[in-house]
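Same chain, two partners: chain A is paired with chain B first, then with chain C.
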Partner chain A sequence: MSPWLALAARSAWNRRLTLGLTLAAVSLSVALLLGVERLRHDARESFALSVSGTDLVVGARTSPVQLMLYAVFRIGEATNNIRWNAYRAIAADPAIAWTIPISLGDSHRGYPVLGTTPDYFAHFRYGNARPLAFSAGRRFDGVFDAVLGADVADKLGYRIGDRIVLSHGIGGVGLPEHADKPFSVVGILARTGTPVDRTVHVSLEAITAIHLDWQGGAPVPGFSIPAQYVRKFDLAPKEITAALIGLKSRAAVFRVQRAVNDYAGEPLLAVLPGVALDQLWDVVGIAEKTLLAVSAMVVAVGLTGLVAVVLAGLNERRRELAILRSVGARPRGIFLLLSIEGLCVTALGSVLGVVLLDALTLLARPFAQSAYGLAIRPQLVSLRELRLLAAVIAVGLLASLVPGYRAYRLSLADGLSPRL
Partner chain B sequence: MRTTSLALSLAALLLLQGSGAGFAAENGGYRVGDRLQSRAARKDAKAHYQEIGWNALIPEGWDPAAAFRNIDFSRLSDADPRASNALDALRKAWDEAPVEPGWNGQRVRLPGFVVPLERRGEQVTEFLLVPYFGACIHVPPPPANQIIDVFPAKPVKNLRTMDAVWVVGVLETLRSQPKTDSDHRMGMGTAGYRMKAERIEPYKER
Partner chain C sequence: MSAAALVRIEGMRFSWPSGDAPCLDIARFEIGAGERVFLHGPSGSGKSTLLGLLGGVLAPERGSIRFLGEELTRLRPAARDRFRADHVGIIFQQFNLIPYLSALDNVLLPSRFSARRARLASASGGSCVNEAARLLDHLDLDEALRRRPAVHLSVGQQQRVAAARALIGRPEFVIADEPTSALDAGRQAGFLDLLLKECGAAGTALLFVSHDLRLARAFDRAIPLASLNRADARQEAA
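Moving on to the complex of A and B:
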């Protein structure tokens, strides 16, 4: 069989342009298919990494998915705040081990600002129950102290002692600034691979302080309170956006959840992060399936192109195949030759697709990390991806049987006298 | 010929996608309040575990409906304070429901529905097992002695909220001593069940 293979390789080399383009099409479509699958997996991994050890997330009444999105993943904006009194009342439940209040709504150059208490650094967990660690500096304790996430510090080049100015509102440019009350960077957190990396942390008192001379989302004209005098005012928070709750015993979670949902003072919602994540996947799952179906179709188009190219080449290769027959190739040999050619292109295309995807991942990685907080990484092929690849190659093999069969029939009919 | 190969490849790819469903596929036909059947208190000598039902976790003599005993609901309107008082008392009793200490250290197998708590990537590393479908999410939660905090020996893939599973493992009863009177009043003395699960399998009707 080896002389046949050598012949087949040379024949393929002779048609390198068309075959090469087909190979490119197949590898691009495979890269797309695997890319969609990998993005889906990495997104889920990132989301699941962002919350750990938190038994309940409490916020204003809204959809559980939305509460999770803005309170934990910092995606979108809060629908409503909860009053400080309501938070105090709920936090007093003896079943609760710790609570972390969260106040959102301001930003710094596109990065969200989170007002909280020092409990955040003590109790917040991510990944596999890992606590937050500082790569430099310390927790905030003054009113105008800020602790930066790893990405914020990296991208904007901040160090300990730098002064930063917060903006009112989230996203976009031209937001009104709290320019009269700059913050100084006192700590930088170690990288976590979660939304914490993209967050600027300040104290709840700071959030109150920078809004002292504001009314209805804008500075009051002709009225400003200089930074050095804010301590003379009551800086106790009036409202927070959400709270994370940890319980002493996890079996009490349903009771506390019910206590929060039934709180008479104002409409509140408590969600179990694990359950809300499942609900999120239900929503996102539809889009994921659509994307996967579209990329499967692209692979199908690529393979159809492959079949078309090999079929179209058959006419030009009638003489070649006839000569092969004359030197002793059986019709079955011709069938195998053409089928294996298609299979080889599919297999090579799949391998190239994986390489291409890894190269693209390497290139897109810093962008995806800083813009979306999505930790994508080049990796060896996972089991699920292997199954996809196997499917692609199996379909490629099936599709290659078509030109193989046609050549088989032609070589029987044409014999040695092709009409040219 | 082009269309056949296209349809063929699509079908193959989509079929392969579908096979990843795993546990989720088992969750089809349950409705809120549905319970799973287990052959109660069956000793399986070969496997060294005891198959139990949820009722076995309730200590003998504890009456979940004690607060309702002396009330004739047909004589009360919904707005009657006695009705809501009784409901409050019932909830309090359920939150403080005692456990059966005899189960401590017993190796058991029982079926239930999953409420995931902790994840590592797409895998679940801790979940609560509850006796009826929709428990705690759509309907009032079950008594404290009908909730098991399950720690799988190794993370479970494809496990989603309200999937029906069998778990096999050693039960542990927790008895947290109330520290103060107010703790006691708030039901912080409540104990609960915990399990290190050796095996978790999708539930199948037999």
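Moving on to the complex of A and C:
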């Protein structure tokens, strides 16, 4: 029977306040480390799940990352548009199964407005090739029909039949409004966990209609076309912002991409979503690594605190060590006594850190979803996280050897007569 | 006496790594089984060092320490630790107890580190816990105090718990290093009586180290450390 485990437990309980605080520091730092790792992973996952089944994204020539950002994630603005004729010409390629035109640039109370065709509801896929579903209502049909993403409806409290007014431009306040041409909500989409949730969908014709009496980003003074007369005008779109393309066979992807990039009519760019995402991660990767490094340092601080606490307590325990020596304890046992303590605090701190993180995730989930569109979820520890935890515990073990070794030296030097 | 010698030191010399002159140089010193020896000397005369040597945490640079016929100097440190756990009980001047353990658990410590003493304690008391309770009983420690953490005990109570711990499992040899110096005069005599009585009952030899010669009368033998230590004599001569 080894007396050490019981002794270590009693001794630790005797110093429960300082050890408890150290435990809290270790578990918080572990929660932070895993949180950063999990956020990083979930952010990537969120991005990767935002578009599925789309083989090419086409826009005016710009950087592939920027095109992805504004066309798929509604981040930033397009610098140029594609003329409708160019879009028609490209869409005519026999290798193409479907296209979804996208027209951006307006917003509703901070949420982006997306002009498109009913094909959007038929062909758009997200996540694991899942189609869009309606939680209420139907697709847009009339010019002034709008279909809301789940977050838009939830946050602003809209229901079917409500009337909304679009603003010209994206982001900010004090944008000029298309107040003369209100839309009515005809459909609300089921939650997807993608930027779709934060989008107001209208028809391409609607985008043309609300800009009929506008020029250069402002209403033309003294000239107004009332909503009821817009149908008398040609509402065929002149320009779109981007297009999503699905191919009949993925084998044709590079040929179609080249055809778009070489289009003579105007400078266009076609990107493969996966490739553009990889480029995005290259850019974001540095920030991610920095963040991870910072949280690793926080863990190091936590473990240093642990070593400091155990070392600081050691001087007061020299007497205890001499007593243990006098009843037959070997210096090796004393080394173990001190090392086990540090190891236990690290291991327990790691477990508590995971629990803490899951609890926080549960609490923060609705907020992260609505404010950042981040689909985070509590989960069991992934393999990569297990490796991180193992690394933390290994470092904790190494760190615990320091007080263990110091106690070993002390008990050898003190023998049976502790210096008091 | 020499045939029944429990501990025999011969030609032993020890010096601390920092000092050049030897600290202890003892030609011959014996303690018989069950003998009660009073060793006195001023502080700094090497009493603690001798305690370390007899307890097996220090090793002499030369000479022999035989204990129950076993040559301590030939044992590896781990074996000396085991030997001490099995055969030696130690009482310090003060702060004898592990503060977060109860008096009873403190007494039980040797039986946790030494299977031999656990066996002997069980044989004598039926179980280790019973034996510990019996010893505490004999040393006049109230039952109510036994379950309380050691920090709540008075110094006198702590020393009695330490005596019970040194005696549990009938070790052949108890070393007491100034165990009464933290007690007031009235309690010193009481503690000494209890200690001597229990050592006698267990047949345990006692080496009692103190500078207080008034206590020496109760012992079989009283020896000044200076008379043993040639190193001391040399230093004084120089």
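Basically, the second predicted complex is superposed on the first by the 417 of 420 C-alpha atoms of A that agree within 3 Å, B and C clash if a C-alpha of one lies under 4 Å from a C-alpha of the other, contacts with A are read in each partner's own complex, and residues count from 1 in each chain.
FYI, contacts are C-beta pairs under 8 Å (C-beta built on N, C-alpha and C of every residue); 3 or more make two chains touch, one makes a residue touch a chain.
Since the structure is predicted, the reported quantities are computational estimates derived from the model, not experimental observations.
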{"item": "Which superposed partner A:95 touches (first chain B, second chain C, both, neither)", "value": "first"}
{"item": "Touched partner set for A:253, first chain B, second chain C, both or neither", "value": "first"}
{"item": "Contacts of A:300 with chain B and chain C, given as first, second, both or neither", "value": "first"}
{"item": "Which of chain B and chain C A:330 touches, first, second, both or neither", "value": "second"}
{"item": "Which superposed partner A:274 touches (first chain B, second chain C, both, neither)", "value": "first"}
{"item": "Per-residue touch tally on chain A - higher for chain B or for chain C", "value": "B"}
{"item": "Touching partner for A:320 - first (chain B), second (chain C), both, neither", "value": "second"}
{"item": "First, second, both or neither for A:228, with chain B first and chain C second", "value": "neither"}
{"item": "Residues of chain A that lie at the interface with chain B and also at the interface with chain C", "value": "none"}
{"item": "Of all residues in chain A, those that touch chain B in their complex", "value": "41, 44-45, 48-49, 52-53, 55, 93-95, 127-129, 248-255, 257-258, 272, 274-275, 277-279, 281, 289, 292-293, 296-297, 299-301, 303-304, 307-308, 311, 384, 387-388, 391-392, 394-395, 398-399, 402"}
{"item": "Complex interface listing, chain C residues touching chain A", "value": "48, 51-52, 55, 57-58, 77-78, 81-82, 84-86, 90, 92, 95-101, 105, 109-110, 112-114, 165, 177"}
{"item": "Contacting residues of chain A [partner chain C, same complex]", "value": "1, 3, 10-11, 13-14, 319-320, 322-332, 415-418, 420"}
{"item": "For the chain B and chain A complex, residues of the former touching the latter", "value": "1-2, 5-6, 8-10, 12-14, 16-17, 20, 91, 95, 115-122, 124-128, 136-137, 140-142, 144, 147, 149, 160-161, 174, 176, 182-183, 186-188, 190, 192-193"}
